[in-house]
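Both complexes shown next keep subunit A, but they swap its partner, so subunit B is in the first and subunit C is in the second.
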Partner chain A sequence: MTEQATEKIDASLVKAFVYSTKNVLNTMVGVDVELGKPSLRHDPQPSYNVSGIVGFTGDVVGNVVISFTGETAGNIVESFCGEKMSPQSEDFSDAIGELCNMIAGNAKKEFGLNAGIGIPSVVIGAGHMIARMSDVPCVLIPCKCDVGNFAVEINIKQVACLTAEVK
Partner chain B sequence: MKILLVDDSRTMRNIWKRVVSGLDDCEILEAGDGQEGLKTISENGPVDLVLLDWNMPNMDGLTMLKKVRENDKTTPVIMVTTEAEKLRIIDAIKAGANNYVVKPFTPDALKSKINETLKKASQPA
Partner chain C sequence: MTEQATEKIDASLVKAFVYSTKNVLNTMVGVDVELGKPSLRHDPQPSYNVSGIVGFTGDVVGNVVISFTGETAGNIVESFCGEKMSPQSEDFSDAIGELCNMIAGNAKKEFGLNAGIGIPSVVIGAGHMIARMSDVPCVLIPCKCDVGNFAVEINIKQVACLTAEVK
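Moving on to the complex of A and B:
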């Protein structure tokens, strides 16, 4: 991200991802996730080489990237699917995409807004870049667990609240 | 028993398969989206249970459910989805879903919902 962000990110949106990341990894992969201190990410490169990307629509727009080291992604996929998989196989990307879908979906529920999520995309390889919104900061939450390190990179903003769900 | 699994994620279908494989005489059919799900039903005849994701390409699970219910009011359908907001759950129940499981889930939780749904479906109305 080269331009200066002009808006602040809503802390409740970030908190929703803290909850959902821990919940999904614990339930589906069986690991406890320890979250580090959030920081701002100012460049388009994700933290690691494997990115699960989910776009948001509706009252919340932007995208969230779950960025894994290759080793962490491999370990997580193995625990999630019950078998080791090559990063080149379609099932590897499918598994990473499904986990990211669950993390985004769970967070969306916590928003209490009328937001939608897209079908997740998975990109694998060194040096890839993420197109992010420049008017809101990208918040990076470092995560570690027994199977390795990963990061949640949140670049979303609320654009309306008139359709907020009655809780 | 014929069970149709409809999810665009093969990983998720494999997880469901492991859960339902414990059921007696279970024949599993799979589809990757709502369109494929409808085609599978029309080619294979009625099924005894459908596990159905919501967000899928080509045709989403809610649309498929509504189309299934145009002709078939009785086949038990369980939505298994990340869509967890109350209004979405109400939409699915209104469209004819018999039960609802929010991802993430434990295998035991899904198994219990399946048993509960099949038990209810076997009781006389």
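Moving on to the complex of A and C:
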């Protein structure tokens, strides 16, 4: 059914997201995140209903999706912005987008590569599906914190290592 | 309810998409597209169930969503790739993503600005919502062709015009 991923994902890319997710949630939302064991995600749907998608360009290409339950997203936005917001409001998705941007930006710095990130797209809706690259696996990191569950779904690959060599 | 857009969208950005949509569909899918009158889109949901999202960076920021009915997307993929594909398959979303990438890339050339485009995200699912920038309106161009209906939803703005001045 699903095409087999032909490449492995670099563990250092995953580790960068483990670090940045903990760091950004702690600093910006004030919660301690407990990250579970990363696993491969085969289901084409993101784990939950609210997804922030960040595209990578340059030495690293692909998408990272940060997927929240509606309740978690609401709680996180409330802590992040200091007020309750309707998921229909533009400020709600702006806040989720900004948080995803920070997590991706923080991870990007950790990569030590010449990667760029696009502006995040925030998608809300039960059962939506987000396309992935088929040649690298999607690595899911389950995340738990006081305000609820979410998941980081990493589907990126390194396409050049020129700047990595320089380190 | 909805925040009022405080800026106007530059007509030349919209015209670039009119040109590129006709051009790419004609060249790559072999269909003539009839584009309707652009209007403002206030509904936070894309017009249809299959959305290709392309993020712009650099002198132009924001997202453009190309939104297809499931049937149109299926027909377009079939013409584009020469075979019928299941909407669940990765090749299906790859094809939609590639087509959106071409439309956005073609439009970008028309802008004559120093803009970049990210890799497209393809989202499939009834009733999904894609976040937009609130300070510029979303301009919708309805599109009709032999294989069905789709819409180009433009929510971008020019943030610098240095390269435009040089022309």
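In this text, the second predicted complex is superposed on the first by the 161 of 167 C-alpha atoms of A that agree within 3 Å, B and C clash if a C-alpha of one lies under 4 Å from a C-alpha of the other, contacts with A are read in each partner's own complex, and residues count from 1 in each chain.
Throughout what follows, a residue touches a chain if its C-beta (ideal position, glycine included) is under 8 Å from a C-beta of that chain, and two chains touch if they have at least 3 such contacts.
Computed from a prediction, not measured in an experiment: that's the story for all the values here.
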Practice item. Look at the residues of subunit A and decide whether subunit B or subunit C touches more of them. Key: C
Exercise for review: Check whether A:Gly62 is in contact with subunit B, with subunit C, with both or with neither, and answer first, second, both or neither.
Suggested key: second
Check your understanding: Looking at the overlay, what does A:Leu13 touch: subunit B (first), subunit C (second), both, or neither?
Key -> neither
Practice item. Would you check which partner chain A:Ile119 touches, where first means subunit B only, second means subunit C only, and both and neither mean what they say? Key: both
Practice item. Please indicate which partner A:Phe80 is in contact with in the superposed arrangement: first for subunit B, second for subunit C, both, or neither. Key: first
Practice item. Could you say whether A:Gly97 touches subunit B, subunit C, both of them, or neither, answering first, second, both or neither? Key: both
Check your understanding: So, does A:Gln88 touch the first partner subunit B, the second partner subunit C, both, or neither?
Key -> second
Exercise for review: Answer with first, second, both or neither: which of subunit B and subunit C does A:Cys138 touch in the superposed model?
Suggested key: neither
Check your understanding: Should A:Gly127 be classified as contacting the first partner (subunit B), the second (subunit C), both, or neither?
Key -> second
Exercise for review: Once the structures are superposed on A, label A:Thr27 by its partner contacts, choosing first (subunit B), second (subunit C), both or neither.
Suggested key: first
Check your understanding: Considering each complex separately, which residues of subunit A are in contact with subunit B in the first and with subunit C in the second?
Key -> 90-91, 94, 97, 119
Check your understanding: Once bound in the complex, which stretches of subunit B touch subunit A?
Key -> 8-12, 14-15, 18, 55-57, 81-87, 102-106
Practice item. Provide the residue numbers of subunit C that touch subunit A in the complex, in ascending order. Key: 2-3, 44, 53, 55-57, 61-63, 88, 90-91, 93-94, 96-97, 116, 118-119, 121-132, 134
Check your understanding: Which of the residues in subunit A come into contact with subunit B in the complex?
Key -> 23-24, 27-28, 80-82, 90-91, 94-95, 97-98, 101-102, 104-106, 108-109, 112, 117, 119, 165, 167
